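To keep things simple, chains are lettered A, B, C and D as they appear, and every chain counts its residues starting from 1.
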Amino acid sequence: STGSSAAPGAPAASQGKGTGTTDGGGALLKVFMPSTSNVYLAAASQSIKDEAKALNYTVNIVENNWDQTEQDQQVQEWLATGERAAAVLMWPAGAAAATNSIRLLSAQAPVIQFNNLVTPEASKYVTAYAGVSDTGIGKEAGANALAAVKKLKAEGVKFHGPDGKPNVVEIRFTAGYAAGDDREKAFAEATPGAFNMLAVEPTPTVDAQGGFKAASQVIPRFLGQGIDIVYAHSNDVANGVVQALEQNGLKPGKDVILITGTSSGDMSNLRGGKIWSATLQSPVIEGALVVRTAAQYIATGQVQSGDVTIESSAAKPELKVEAPHAATYMMNPQVTAENNASFDIWGLSFDKLMGK
Amino acid sequence: MSSTASIATNFIAPSQRGSVIRFVTSYTLPLLVAAVFAVAATSTPDFATFANIRAILINTSIVGIIAVAMTAITISGNFFSLGIASSTVLAGIVFLAVSGLTGSALAGLGAAVVLSVALGILQGLIVGAGLNPVITTLAVGSVTYGLVAITTKGAVVTAGSVDVAWLATWNLLEIPLPVYIFVLFTAVAWFLTEHTLIGRNTHLLGANRATARNSGISPQATTIWAFIAFGVGLGVAGALNASQLHQMQANDLAGLTMDVIAAVLVGGAAVSGGEGSPTRSALGALLIVALGNIMLLHGLDNGWRVFLVGGIVVVLVVALHVLRKVSTR
Amino acid sequence: MNATREFFPKYALQIVVLVLVVGIMATVSPSFRGEAALFSSLERLIPLGVIAAGLAVTMIAGEFDLSVASMAAFAGAIAVQLGGLGLIASILIATVVGVLLGSLQGWVIARLGISSLVFTVGTLILLRGATWLATGGVPVTLTDYKLSDALTVRIWVFTPLSLTTIAVLAVLGIFLSRTRWGREVSSIGGARQEAVASGVKLRSRLVLAFAISGGCGALAGALSSFRGGSATPDGLANMLLLALAAVLIGGVSLSGGRGDMVNVAFGIAITAVLAAGMSSIGVKAFVTELFTGVLLLVVILLEFVIARVVAHKAVVRRRQPHLAVT
Amino acid sequence: MTGSTPLRLKASGIFKSYGAVNALSDVHFELRAGEVMALLGENGAGKSTIVKVISGLVSPDKGSIEIDGTPANISSVSLSQAAGIAVVQQEFSTVGTMTVAQNLVLGQQGAPWWWSPRKLNDNAVAILERVGLAGLNPSTPVEELSVAEMQLLEIARVLARDAKVIIFDEPTAALSDAEIVRVLDAVKRLASEGRSVVYVTHRLGEVFEIADRVTVFRNGKSEAPLEVKELDVETIVAKMIGRELGHLYPGKSSAVGEIVLETRELRIPELRSETNLTLRRGEILGLTGQLGSGTAELMEALAGVGEIVSGEVLVDGQTLNTRGRQNGISAGVAYCSADRKKDGIFARVPIRRNLSSPWLHRLSAAGFVSARQEVDETNRFAVHFAIDVKRMNSNVGTLSGGNQQKVALGKWLGINPRVLLVEEPTRGVDIGARADIYAQLRRLSDSGVGVIVSSSDTNEILGLSDTIATYFRGQQTSIRPADEWTESALVREVMHREDANHV
């Protein structure tokens, strides 16, 4: 359904017999991911460890400093040790630049990629994908934006754009960051012709600082035309946008609707109603999901074609011995000031889901 | 020697050309900033709006405060700090944590400044003993980053329910507090460098370390004072930054060190010491931000912005160097 | 010969630190032993080792090339996009571009007599911008990933990458200590006036030093980008500080004139073992940074103390008037 | 050497000025093939400057140079080397961190690209032997050599460069007799091989031993060369001094008061015996000796910036804490170092701020400097030292050497000095400013400040001091009232006692 990226098919060579059980028997899961000096990664990393422990796998995580070159190096080093792993869980530092490392890893063990969607070039080396769908998030944000517009129109709010269309500024992830490309594209596709897009400005860094830097310079430029909606790619970035809006005399939540992607970072602006909505992206679920997908593949030696988005069930689903899909996406329900307190997915509250 | 007056005429008048050039060197930057603003105002739509100028000032304030503070280190002949980003983050986190605990943003600000100053004193002691400032600050910066990341576990630190935002949002004439703090900080720094014993000694130490020692100016004590000034700036800037966004995390402010160094160099401080002024460093920071803003308004993408800022830094430091060389000949 | 006697005091501190780091890593991490440990440490040499070597040449000549990591990123972007010309050709072209840009920098610095520290802060930003432009702001990849396989072929614990680094270090070491131009480059570091009075052509040696650092940066960037099959506009940014740390841990003086390629090699080795060892334990990236910082502090403190002692000894010696005269 | 063969080297109409100092003005210099030409003159007469011009290290403002009758371009060291000129500079030009063998070939034009370590060493051993350093290990770093060894190494390096013209700028200043003999032998051998040698020295004995002719420099001007055969010591000294003393120096002490400074069994590393000096109010004590005689280190020790092994210094009967300058300053000890540019002034800082630098704390209340008081006081001291008050905001670096020196001295008035220590008070200072500085020193002394002047300029010491202490190679050799000395006796005393006795 999210057909924007090529659905990865499992490499023919690894299509074979599985162990028949999701119990790891102490086998190794090798993980390559960027630095856990960021809270999302720290939570994902912890969840990977917890889930692996539950399934009786050993994990070994190698972190890089958000640097694909460094990750490439770490991959080379690990390959050279000749150590065997039941699967490699790969969060590429830079998805578009990681293909070669993924290719080399795939010769050694099945590669389960997470967090960054599989690129068409890498698809023949990746066994399965599990985790966030940036496309899904962009789509959900688009739907949230449309819903907000509908609600406000009903309340009689007039928008500033031509033909009464809302004026939108998009503060996107750093230029060249693939997740940002997907979120931008999916949002546009989910809201065809609904908005008058004033500008799409990339942040220098994907955090509140970056959001502030970008927004504080872009917003003054369009003050005259009137800004109705700001779409920020993550809640963290949006926290910076809130500050920039307020400094320009705009009240987020009243004058301007702030729609955001990932529910990362400090949530007080969301809870205080300054941010209209975010989209759940739980590191805990992502971490668990990637380990489960690996376990399912190891158990069956098979991959089902196509993709699936898992449901927001209240209980954590039983892990069945069945072939994982080529891509398993997390749920991305809307998060708002009203609903965040009542979240209950897999038995976890919103804070727990965010790894707090 | 009965008549001293006749000997006074031996005195060599500095050439007319020299003084013209000195004038140009000290006013190059203000003139350039004025010219950039004037040209942009006429040629760039949306530049000369109140909101945009305010945005430029806000974006300058944090980098500007640190650049002004670091000028003390540069003037004292101790090059610059390579550990700015992690120290500022540390200050911001301490600000948030203490504000959260005590319920007062002012207490947080105080704690951030005290801790930054303590870190400054530590580095001043090491550097004052004769160790290289560049290595020392690089190493202390790495250690600080590591400790902050370990302690916070990468989490976003906030002040909880305590209101710390007013530090960044309180405004007068629609200009928020950080801009006033930046201006005030620059003015105070200027006053301190020009009119206090420590400020003057800092200049003299950088101008000639050996002469300073022979004149009874302690290199150790003076270096420590320069680092204290630096610490105050970092503390204030870190707190403002954290209050602006009510949050901070270990990885924040990655490009800050280079921004600050570029501002100080564009401000015309001599890396060898003895020359430089807080006001010019502040203008340096302003100029860089303004140029970035103009390029943004013209829709240049990130690559061109970085490239052109780099080119401008190169051209400016070369021009300042040439002018200085000609004027001291 | 007394060569060994000369070797040890000069490199003693670095040898001790290296042995300690290796020992600690091997004790703490069971997987960091033997061939695997050697291999993974050697793999760290690209890009760190070659970038550090380039930076070291300018530092030995009493200058600084802070643009070296940006140069690496820029050259990486060029090399990857020229991948169609083949491995050797594209890496060579990128390296030549680095040499030319480095020479240009050196020429401007020598011509104007401007502080290279100041100047290269500017070119550091400029070249980073050039990299953004060269890549169009997005990661660029090889069209044929197989090209990179030649670089990852393993020969015992070596790969063509680590062998290149070792070759670069050896060639530069020999160049600096044994050839005329090389010794002249070293001489302008600590005792520039004396060197000029001896007849050393300052400007052309400065150009040479920056040509070498530009070339090293470019070579390292091209090789590492080829290994990964891609180059990113913001890549290799943290290499500058790491390379600087390696050179300083190696004992090259920031004020020039002290240290040679053997020192640098030790510094690189210590940093590489530390990084590879930490990574094999699975230590978090920021803990590695913390340890590098601590190590840097320890080494400069020790060196400071040793320098004091040596200086004192030299004064004492100089006061004994007539030593060798028979 | 008949007039028909062209001169090996001819420099005519050379001018060179550093700021306001005319180091060379209309200098003419010539050198025949195969001769040894001695270059004599007082400190600062311009000897080293002409040597630097000939070696390509300094470009003259004006003038032309011919080699073997044809105009030569020697505007850089390498061009000068290529023209067959090799120089032993007065300041060392070896690189401390490099080995002896490497230094021997450093910068040598046309040397091979590559030497094997063995060849490099063999080459070094052969060269070192020529200056009697056969025992020296060629792979020793130069910084580990003694001063004498370094000097011999400089000489060895030049010998190895098959040059037509070889210049020695004070090669023996730091050498002992045995070493000097080797150098002189080497010079004689070079001349006998047909090479021309320029030999700069302050040691007159050497001149008579090796030189064919002498060129005397005085205040940046050259005299026509003279045949050594036709000269004696007294004539040469007279030619070197060659100026009226009457206008230059103020009168001697009028009244001597109580002791202001005293050293008791003071030991410093550079002096071989204990120093026991007393300085009285109203007295100017002159310390004199050649470079390396130990006077500079003694002054540094008194100022609190040098090393002291044992003993004590008393100012006004109170023991002075000699660790760190601050203590000296609060006790009223002013110190003017020998190298103004290096550690006496802040060249890139305005005059006013230079003047107030040592006593700024006195003008500050709670750390804030009173600008008004600063202006008042610095103006007062500027007037006192004949510094133009209108120029107080110009950088000191833009001033003439003499005015720079006035600033370096004048800045101490503000500490209420009890004792003034001045090294080389008029180095690089033009004659007008010199007289002014001497007058100021005397005036300070008369006003009750104890003044110690150290200088290697014997003329100055004789003209200025009331009491003179002489130093030779780390030893005090005499301390006597100034009026017991004649200038030539003093020159001989400090230049080379043994030599002086011979002549």
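Here is the rule we use: a contact is a pair of C-beta atoms (placed from the backbone, for glycine too) under 8 Å apart; a residue touches a chain by one contact, two chains touch by 3 or more.
Because the structure is predicted, anything quoted here is derived from the model rather than measured.
Considering every other chain in turn, the ones in contact with both chain C and chain D prove to be B.
Taking the CA centroid of chain C as reference, the farthest chain centroid is that of D. In terms of their C-alpha centroids, the spacing between chain A and chain C amounts to 38 Å.
Distance between chain centres (mean CA atoms), chain B to chain D: 43 Å.
Spacing of chain A relative to chain D, judged by their CA centroids, is 74 angstrom. Shared contact sites, meaning residues of chain A that touch two or more other chains, fall at 35-37, 175.
Each of the following residues of chain B touches two or more other chains: 149, 250, 301-302.
The set of chain C residues that touch two or more partner chains comprises 135, 137, 233, 284, 286, 289. The list of touching chain pairs reads A-B, A-C, B-C, B-D, C-D. Residues 2, 6, 178-181, 183-184, 186-187, 189-191, 193-201, 257-258, 314-315, 317-326 of chain C are the ones touching chain D in the complex. Across the interface of their complex, chain C is touched by residues 55, 57, 76-78, 81, 87, 89, 91-98, 102-103, 105-109, 111-117, 132-137, 139, 143-149, 152, 157, 176, 178-179, 269-270 of chain D.
In the complex of the two chains, the chain C residues touching chain A come out as 31, 36, 39-40, 43-44, 46-47, 135, 137-139, 141-142, 145, 148, 152, 154, 159, 224-225, 227-238, 276, 279-280, 282, 284-286, 289. Put simply, chain A touches chain B in their complex at residues 35-39, 41-42, 175, 201-202, 204-205, 207-209, 212-213, 216-221, 223-224, 236, 239-240, 243-244, 246-249, 265-266, 268, 356. Across the complex, chain B meets chain D through its residues 1, 4-5, 7-14, 18, 195-198, 200-201, 203-204, 207-208, 210-218, 274-275, 328.
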